[in-house]
Amino acid sequence: MGKQTMRFMSDNTATACPQMLAALAAANHGFEMAYGDDPWTQRLDQALGAFFGAPVRAFAVATGTAANALALATLSPPYGAIFAHHEAHIACDECGAPAFYSGGAQLMLLPGEHAKLTSSTLAAALDAHPVSVHTVQPAAVSISQATELGAAYRPDELSRLTQVAHAHGLKVHMDGARFANAVTFLGCHPGDVTWRAGIDVLSFGATKNGALAAEAVVFFDASLVADFELRRKRAGHLISKSRFVAAQLLAYLEDDLWRRNAAHANRCAQRIGLAAGSRLIAPVEANEVFVQLGADGKRALRAAGFEFYDWGAESAGTARLVAAWDQDEAHVEALCAALNAL
Amino acid sequence: MGKQTMRFMSDNTATACPQMLAALAAANHGFEMAYGDDPWTQRLDQALGAFFGAPVRAFAVATGTAANALALATLSPPYGAIFAHHEAHIACDECGAPAFYSGGAQLMLLPGEHAKLTSSTLAAALDAHPVSVHTVQPAAVSISQATELGAAYRPDELSRLTQVAHAHGLKVHMDGARFANAVTFLGCHPGDVTWRAGIDVLSFGATKNGALAAEAVVFFDASLVADFELRRKRAGHLISKSRFVAAQLLAYLEDDLWRRNAAHANRCAQRIGLAAGSRLIAPVEANEVFVQLGADGKRALRAAGFEFYDWGAESAGTARLVAAWDQDEAHVEALCAALNAL
Amino acid sequence: MGKQTMRFMSDNTATACPQMLAALAAANHGFEMAYGDDPWTQRLDQALGAFFGAPVRAFAVATGTAANALALATLSPPYGAIFAHHEAHIACDECGAPAFYSGGAQLMLLPGEHAKLTSSTLAAALDAHPVSVHTVQPAAVSISQATELGAAYRPDELSRLTQVAHAHGLKVHMDGARFANAVTFLGCHPGDVTWRAGIDVLSFGATKNGALAAEAVVFFDASLVADFELRRKRAGHLISKSRFVAAQLLAYLEDDLWRRNAAHANRCAQRIGLAAGSRLIAPVEANEVFVQLGADGKRALRAAGFEFYDWGAESAGTARLVAAWDQDEAHVEALCAALNAL
Amino acid sequence: MGKQTMRFMSDNTATACPQMLAALAAANHGFEMAYGDDPWTQRLDQALGAFFGAPVRAFAVATGTAANALALATLSPPYGAIFAHHEAHIACDECGAPAFYSGGAQLMLLPGEHAKLTSSTLAAALDAHPVSVHTVQPAAVSISQATELGAAYRPDELSRLTQVAHAHGLKVHMDGARFANAVTFLGCHPGDVTWRAGIDVLSFGATKNGALAAEAVVFFDASLVADFELRRKRAGHLISKSRFVAAQLLAYLEDDLWRRNAAHANRCAQRIGLAAGSRLIAPVEANEVFVQLGADGKRALRAAGFEFYDWGAESAGTARLVAAWDQDEAHVEALCAALNAL
């Protein structure tokens, strides 16, 4: 908050975008039924269906952890196995939420370049896991789009992966906390990296990309919804004045706000990536940049007023630089200059 | 939504009050640390401490169910017993959230006039529950202020109850979804019906009384906080852009907004109560009115455009009429006239 | 253990009967597949099917608490409601096992004479529990045969109760820790108070009636088995050397051992009941006798060397006197004399 | 069960040893208090204390899965992290029991030769897991003695590992399903590979080594017992006629029965290991032998009447050959001949 501070810590530190605040004000008239029986919430299925180009069932929640954990608990029994990358947010940053919500499902963590799972890694893991009454039961795969290392799955990568999963009876969940960034980078249709590629359930994030607090769990197969609504309620994630969450999501979809916000963040990240050059440890395909700086490099940047998180162990010398939807371009310029000067 | 509709269904159907929307806009500047390390969230302890006249630890969440369940899970082990009124919100309206969050705590449901627990009822229940390795272990009492029947506990009622609880080693939680309404009715200091009366943890509600979505779990004994923050995170209730929840709560406390909002709702309820006369099944001590109407009475009111919920079984003929912070006084007048005409 | 001690505390304090120990020895030859793939375990379905006169799926476990909790967790989702008598073993004596196993199901505890649920009590409770996304979802009814007060449900009582349950979509579980005693008292066929009367799942107890440690969960509807076996395994209740549990159960069924053991215990209880006369607080219909003794009466009996538990609060003055399959008749005579002398 | 069948599938397929059956008969006299208040159960602490050469608190259960899961649930909160080898029984063969019992603890699975964890692997894993409110909280390490690949940890290996664990605030659990085999192989004192080496809690197995069904959870630090007894009860693992489990354990310790049984099994395994020669994939340090046979080798052995499990994926061509306490030496000779003939 000092004058010199330039934050690249997380897109969660960003503001909410004006269109979303305006949507709250616009929804704030008259008595409306609570708990989702309001016109805003009831428009979600249609609005997200139009966005994805397919019928969906969509449910608003306030946080990404809730979206992920509720989706996974709906897909996995308490004795289920959920396959994911070992750097996945659900494995590393949600304090055990998937196990809590599912009643004990076990994460089966796999390696993969740029935090991606591949179809062959998944196939090998499933082969090495003979199923009996003694084992956890393979139930789901969870992947992140963009990944934790800022990479974007291509549609064909996803198709190959979901084919393996479905062939083994597993459902596929996508953590889309930065879904807009990935789709914007890929320049594809949102359906191309979801239902057309075999994704069953998506955590559709908006908070990091401009909302105050709004995410949606999107089911592309209505039969999978099952008891989702009961699980959401007993977790305290059924918002009483639901219109205020739904209104954010509707505004997010309108006039491609999601894409405009993501495009700005992505452009900033691309420029940082160019400046980082050979220091990059992963391709820049969303709004995050992972850079090998070493202890000296990190110290120099921080001394110059740049704030960012270490990635992995502090001693590894790797920085995560995140650009937000409202990132100040002057700060980006300054960061690029500082990276060039290292 | 038709022209003639006059809603008395729930204070959850109300709008958000302008001061709280304004607080969102005021907080929407600059990059701020996520997950509570922002100036708004960090002011909560002090602001709520000033409100209660005692040091507190306070944690913002988005829903009352989350507040209640997280508080109770912090107080009770998975094999604990939580004593509550059989009409309590945690028993009837939260889809099993306390058991989910605590990992299985058993609700021990007790009777009591106007949905209040009394010290003697609690003492008798504890005496009839000899504790051994075979039984659930008494851990907590949970009461509602105001109660589910719109009654307000007096300070001395609370003190007697918490003395019994504490003497048996139980902690006491208060569900304060309508705390402001009760305190406003009682005309007392917020501390008089909380820490001074032996309450250990309070779910401090703001949503029903004008917020968009903001509640706080308030610990009057810092040692009870224990692992609350980890439980909140793994439940997906740690809001990333926490400033927007905290800002609502701070605005709620400022200039007695909480009391002004509650006072309006209470006044409306009082007028409805007067009109209901001998049909009342509980005293009107907050913003809810419970009226014995019979099938004909309910039909007549609904035909006249009034919307409200049945209370208990439909066949019981009882209506719950709730007045909100922004209830239209003309609707209240119309309702009173209709009640008088029955 | 002193010479003078005469135990009427619990049928759990009894010995194992010789036929069951002999069965262990008889099964102790050769290498047999573990975890139930042995001839003894594989004969259980057929043997219990013959016993009940209907096809069953039966699963051996070591304790009654495991049997009850596994059965209920199979019938109820984590957000389910299980209706039971407020004195039921699952509510009072299993340290919260049903909630643990089900992941949080809520017990809905009802009153009833002699610890029986009636169809009308159940119907009223269901009517008073309007179901929505906010409520726990009615899933099962659990009753005890014999009840916690030593009473036996008649077939028609059961039929009326299960009809109400089934009409509301609930499944019915019977805790048969003392099933043999009830059936022996009633003089009916085991099928008359189970599947013919609408019972869906039975915890079939043998331990209290002569086994070392052997119970079976018996499904009368194979489709309800669902994931029972996975739940049993992850609870650590799939016994590796399963033949030794199954052998006990097979011996228990052979030559009506179950009935002979129960008949002795019941006869002892009947004699005690006669001696107790008007002090009885419940009819003697199994092997337990509940007697109002007052503080003086209890003290006198204990001073004379009789051991037994208080029933309910100590101050209530009520004793529970239990006769086991191997109860010493001389002790029973002595107890009757002492009761007569009070 | 055919004449030609020679089983090397599991020590769980073995019989119970006569001394243990005899102990059941010897304990089967008189009425004894249930649920552990009997002289056999009450002697466990002292008997196991003498065995280990240190004061212990010991609790009998019927299965190894129950022992492991109860121990770990006592050491780890629901949001805890438990570090273990990726081939550990708790990870692969207990259907998610640790997560069920702990309420969601996450297994952090690590590699290691011969299914051993090393201090450096653990240290690296802990360094790579920065702890915050967003992460699961490191709580425990669980290792197996002997390991899943039949290797035995040396005392100094254990000491180094437990030092790293303790330095990070983690407790250390040992799964001793084949503890007797490891100790017998090492020729050390039971205390040398438990409390003297920093082990906090041990699952002390007897079932695989001659019991019918008897394991003990042994705490070397009484303060860690915490709520173990409540957790055991609500899991249905408090055996009512506890004397029959305790009597097995006492007989197991008497006259070094544990060592004599293990020595026979180990000797058989050693001979098989010698015959396997370079096909061994792990040293033979207990009663299990892991042999690379290829598809042809496996087929040949099975055609000759030998029964055994594949280890890992069937396609890997690896066999697990287990020798039991009562393994027929003629079968061992035949197996050795068959291995030599491959």
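Per-chain residue numbering starts at 1, and chain names A, B, C and D are given in the order in which the chains are listed.
The rule we apply is simple: a contact is a pair of C-beta atoms (placed from the backbone, for glycine too) under 8 Å apart; a residue touches a chain by one contact, two chains touch by 3 or more.
These numbers come from a predicted model, not from an experiment.
By residue number, more than half of the contact pairs of C-D reappear in one of the listed pairs B-D, A-B or A-D, namely A-B. Set side by side, B-C and A-C show the greater C-beta contact count at B-C. The chain with its C-alpha centre at the largest distance from the centre of subunit A is C. Inter-chain spacing, taken between the CA centroids of subunit B and subunit C, is 41 Å. Between the Cα centres of subunit A and subunit B there is a gap of 33 Å. Chain centres here are Cα averages; for subunit A and subunit C they lie 50 Å apart.
In subunit C, the residues that touch at least two other chains are 35, 78-79, 94-96, 100, 103-104, 133-134, 137, 230, 233-234, 238.
Residues 78-80, 91-96, 99-100, 103-107, 109, 127-128, 130, 133-137, 310, 312-315 of subunit B touch subunit C in their complex. Touching subunit D in their complex are the following residues of subunit C: 1, 5, 7, 9-10, 12-16, 21, 24-25, 28-35, 39, 61-70, 94-97, 100, 207-208, 212-213, 230, 233-241, 244-245, 324. Within the complex formed with subunit C, the subunit A residues making contact are 35, 77-79, 103-104, 133-134, 137, 227, 229-231, 233-234, 238.
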